[in-house]
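Chain naming follows the written order as A, B, C, D and E, and within any one chain the residues start at number 1.
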Amino acid sequence: MTDPKPEIARHPVIEASGLNLTFDTNDGPVHALRDVNLKVDKGDFVSFIGPSGCGKTTFLRVMADLEQPTSGSVLVNGVTPEVARKARAYGYVFQAAGLYPWRTIGGNIRLPLEIMGYDKAAQAERVRKVLELVELSGFEKKYPWQLSGGMQQRASIARALAFEADILLMDEPFGALDEIVRDHLNEQLLALWARTQKTICFVTHSIPEAVFLSTKIVVMSPRPGRITDVIESPLPKERPLEIRDTPEFLEIAHRVREGLREGHAYD
Amino acid sequence: ADEMTVQLKWVTQAQFAGYYVAEDKGFYDEEDLDVTIKPGGPDIAPVQVLLGGGADVMVDWLPSALAARENGAPIVNIAQPFKSSGLMLTCLKETGIETPEDFSGHTLGTWFFGNELPLYSWMSKLGLPTDGSEEGVTIQKINFNVDPLLQKQVDCATTMTYNEYWQVIDAGLTPADLVVFKYEDEGISTLEDGLYTTEENLEDPEMVDKLARFVRASMKGWKYAEENPDEAADIVLENDETGAQTEEHQKRMMGEIAKLTEGSDGTLDPADFERTVEVLLSSGAEPVITEDPGEAAWTHEITDQALN
Amino acid sequence: MRNVIPVLTVVLAIVVLWYGASVQLNKQWALDQAARQDRVLSTAELVADTWSQAKPKLPAPHQVAVELWETVAQKAVTSKRSLVYHAWVTLSATLLGFALGTAFGFLLALGIVYLRVMDMSVMPWVIASQTIPILAVAPMIIVVLNAVGVSGLLPKAMISMYLSFFPVVVGMVKGLRSPSTMQLDQMRTWSATRRQEFLRLRLPSSLPYLFASLKIAMAASLVGAIVGELPTGAVAGLGARLLAGSYYGQTVQIWSALIMAAAVAAAAVGLIGVIQRVTLKRMGLN
Amino acid sequence: MWILLGITAWIAGWALNVWLAGRSASKITALMVPILFGLTLVLVWEALVRGFGISPVILPPPSAIAARAGESGMILWEDFVQTVIKGALSGYVMGCAAAIVTAIVVDRFDFLRRGLLPVGNFVAALPVIGIAPILVMWFGFDWQSKAAVVVVMVFFPMLVNTVEGLRDTSAMQRDLMRTYAAGYWTTLVKLRLPAAMPFIFNGLKLASTLALIGAIVAEFFGSPIKGMGFRISTSVGLLQLDLVWAEIVVAAIAGSAFYGGMALLERAVTFWHPSQRKGR
Amino acid sequence: MTDPKPEIARHPVIEASGLNLTFDTNDGPVHALRDVNLKVDKGDFVSFIGPSGCGKTTFLRVMADLEQPTSGSVLVNGVTPEVARKARAYGYVFQAAGLYPWRTIGGNIRLPLEIMGYDKAAQAERVRKVLELVELSGFEKKYPWQLSGGMQQRASIARALAFEADILLMDEPFGALDEIVRDHLNEQLLALWARTQKTICFVTHSIPEAVFLSTKIVVMSPRPGRITDVIESPLPKERPLEIRDTPEFLEIAHRVREGLREGHAYD
């Protein structure tokens, strides 16, 4: 998204303004989000990065109406998250795979389709397609525990892609995978995103991953959880893996790393 | 003093007044006996206690004693303080039953454990099938209380002259609301509260002597109780551990019990024994005894020794 | 404490239902009695009668409450007519049986967890043992124990034990096996002895299961003690009260004995709950 | 002599089992070991009864029980039908179904959960032997009162287990349903009930032994003149201990089979649960 | 360890030869390790890297006598793993923290010391020292659930360091940590290793981490699990974080990546 967009012409997909969220715990309040402002446009690929406990998950959950902000507001496509959720605007990939053990891989992917009332034929077709996408064709009849951790992760990504939600919220989806698989899935995700014009919010701990994937990188900092930097990526939409050795790439990575370091207590 | 344990057939009540009186009045002490009286209950089979060594003598009814004997328990009647039977069938008048001929189509509640046999033999005498058909009667097992009668789950129920009948009265029914058939009158009576011990004990002369002394003292207790029913009832009450008995009820019970022990010096009348066996064998139902045990099941040895 | 209002509401609902049920179940007798005396009862009279019968099918709550008050508070605790006395008799057998059952169940669980033979052979029979109706076997157990010279508190406690060891075995087997493979492997890398592994890993991780089992075992133990009282002459104890009440159709007495039994069980189970909370808290678990 | 034989039987049986258990675990050894253990127990029982000359009216030897069971097959069958099929099974089905429905309601309304469960705990502590006579008084002598006792006995364990099970979904699994905007019923059917199955089966297994015992015990307090509880209670009075034990054996077999059946069903339904999977 | 060592003079610390390990499962045998040969010398820092399921964990478990090889042999200090285990030669850090919830952090670290029969004073002293090392001083009295995931990881590392085992086996110890914390702990671990001359076997999914830490990188490949490459690192023992930008570093990283890629089905 290097070309400038007419900001006013349409609603931003996500618009958080003055967002605060405080958890009340026994040892006092935890400020998970403090004065968070962010605008995400249609087709953006936004990465969230920051130390453990800085509120990345919480922010995603607020967008998905799984958590209520203490003050401030979030608008999704100009409506509240609740309305958006009821309109089934989201595909959510949780930090852990979270497949239902009593359903096969196919059954797990079919679950949201059943709930949303797709007919049988459409269900089968979609399951086939997304399984292919994450390279799990042939595993449809297996149960989750018969798959390795990485395969489970991919199945859960497939589940979120099966119904065509416009907004994808992904919480460290590639956390448990090794570098090679991760690279591979990064490429796949980018291709999918380029093809479908989805808006993606993506949490990661990996700086290269964030830089490689995103049009916008949000750096966060803990206690209280807040946004410390928003970096618009100048990288082109077409991104071969080799782009990671270009100076632009390293530059952005450096900026992210600096931002991150500020959030830590060391040095 | 010689130690001795007697196992009763039922809970502490005036039915066993003779033994409590003998204990309380020191009749056992006089015979140099130290007697422990163990109360019974629905879950206690005195025969098991006797054979298990938990008691030396037991109070039991002849039908169940004979059943036990046939099942391999070598027990023998050594004395029979109760001359007549207190069993009867109590019916609600409102059911329309007035004579035994009216039974057909009704439900008769009886205790089991051998107590059902006289009823079966009565029914077969009357020619009534007991299969629950319209022309016949339905036999229903009831527990040792009168609730089924009061709640009209049965039309007639087994009662004892000295206990359950009065519970029906206490519940608020009047004798006019009831019709009773005494087993004694219907010719189906069986011998109740007798004293029993094992064949093994009878082979031991020392034990025989002890038993004779016990029977002598117990009969003395019984005769005292007959003559002083109110005092006997008080003694029973004092010995009741559950704290559930009432004075009024026990005094009345003692009065009724006295009628049953009257005329017995403790010696078993072989004719009564024969009659009981006959009733049991003629019941027609699943028999608890299949053959006449004959004279092996009783002895006069103890009573003879006790009464001399 | 935030449970107080819901609990009170439910209790209130039960009491209301109870009063209604008393009317329903007792009215037959009231009507029959009236008919025998050629009287006609008004509704008010009928209701009043059903709530005050001497031998009701279902005594009204206040009748049970009055009986409880009279037998608990107004009698010396040593009196045979005091329900506290009877409750104590039952409780002592319960506690002894509970202790025996817990110990036995614990040992059995140890055997099952550590010995492969026992694991394979014993468990089905432990389950089968619990399908035997104890009420049928209790008299025989009492007689057999009597025959070998055991009498008094112990036979009753044995029956309590028979009922209470089962939940302990099941819970402890599960609990002693609850450490993860990783935790067991850790112990191996430190080359811990079996004893150390048991004391430092298996035992602590089984405690939550143990407490859950103990609660069930305590309730079962009380049932066992009551069952055990019946064939011991039923001379004293809540079981004896239940029985005596039943011979004489004293429903009020039955119900107050029942309520007392439930209260004793609830108190004993509650006590275990307290111990559980204290122990687990000291261990840092919740 | 017999006592010696008993001790030998015990040692031999145990040794054989140790040997069997030491070998690789096949289906056959898994079945053989407990059966052998049971056989050993029976042998020891027989030997002890004969060795100590215990009267058959106190404890009959297994051989006598077997002989009696052979003779009285008809009676045993009739009693089995009356008690197990009519009383226990119907009560079990009603009690468990009612408990599951109640659990769903209780789970829906937190107020009820907080109010009902503590009170239910108290009610569950009421001993059966106290409740049975009352229910027999209310529901009559036939199987209906037995079913009622069974309902009362199985209801609470089942309720507690189901409530527990319905709560046993992870926050993530529930959140997933939220992101699909799934309604209460969809969530119940597609997530909470399947997730609750291991707990429900725990309850069903527990309830299976309770049901049988409940039905038998209830018959002690009133029954038509058939039924296992009836037979046991009256035969004790007549000192027909062999018949009593034959009934007890039938009860134990029926109960174990019932339990085993539930365990098999559990395996089929909750095959996915870690406790049902071997290895890793 | 750039200087050549006299290989024959002393026993290698770990010597695997012709190692095979096959798991029998319902759907047939799984060849977790096939013909594995490896020699680890005293003071080596060996990283194991490879796709999910290639047998890294299994290999570590064989070394620690937690798994029995089907054929072939492993010798540890010239003796069998069992003898070495009984001699308490190992400190093992498992993939997940695995702290006992009923013990405090201090109690957890003390646990192996208790088992090995250290006296009270020695226990306290060692606990203090290792807590300092992983920067958890002050958390001794806390329970595991009162700590964040990263802190738990560090506590479990401290536990393995508390008793002075000569061989440290670490299975993805830094898996759940973000980049900054990870860098920090990498430095700490290197410092400890340099100071104590321990032999360390270290499993990781991160190529930079493996290159940064190791004197020897073992690349593995799945189905069947086997060693495909052993790379001796020419990097000096003294390694500041900046070394990661040197050409040597990138070179080795490249070689590891290539080796890894071969183990995957893609491209």
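One rule holds for everything that comes next: a residue touches a chain if its C-beta (ideal position, glycine included) is under 8 Å from a C-beta of that chain, and two chains touch if they have at least 3 such contacts.
To keep track of the chains, here are their UniProt names: A, E = Sulfonate ABC transporter ATP-binding lipoprotein; C, D = ABC transporter permease.
If you're wondering where the values come from, they're calculated on a predicted model, not measured in any experiment.
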Shortest path length from chain B to chain C (ABC transporter permease) (each step joins two touching chains): 1
Chains touching both chain A and chain B: D
Per-chain CA centroid nearest to the all-protein CA mean: D
Most distant chain from chain A by Cα centroid: B
Inter-centroid spacing, chain D (ABC transporter permease) versus chain B (mean Cα positions, whole Å): 39
Computed distance of Cα centres, chain D (ABC transporter permease) from chain C (ABC transporter permease), in Å: 18
Euclidean distance of C-alpha centroids - chain A vs chain D (ABC transporter permease), Å: 50
Contacts with two or more other chains, residues of chain D (ABC transporter permease) listed in rising order: 58, 133, 137, 233, 236, 241
Shared-contact residues (touching 2 or more other chains) in chain C (ABC transporter permease): 57, 135, 139-140, 143-144, 147, 230, 246
Chain D (ABC transporter permease) contact footprint on chain B (complex, rising order): 45, 47-48, 51-52, 64, 67-68, 71-73, 112-114, 139-143, 147-148, 151, 153, 288
Complex interface listing, chain C (ABC transporter permease) residues touching chain E: 180, 182-183, 185-192, 196, 200-201, 204-205, 207, 283-285
Residue ranges of chain C (ABC transporter permease) touching chain B (in the complex, touch as defined): 28-29, 32-33, 36, 54-55, 57, 79-81, 135, 138-140, 143-144, 146-147, 151, 230-231, 233-236, 240-241, 243-250, 253
Contacting residues of chain D (ABC transporter permease) [partner chain C (ABC transporter permease), same complex]: 14, 17-18, 20-22, 29-30, 33-34, 36-38, 41, 58-59, 111-116, 118-119, 121-131, 133-134, 137-138, 209, 212-213, 216-217, 220, 229, 232-233, 236, 241, 244, 247-248, 251-252, 254-256, 258-259, 280
Chain E to chain A touching residues, read off their complex: 49-53, 148-150, 175, 177-181, 184, 205-207, 257, 260-261, 263-264, 266
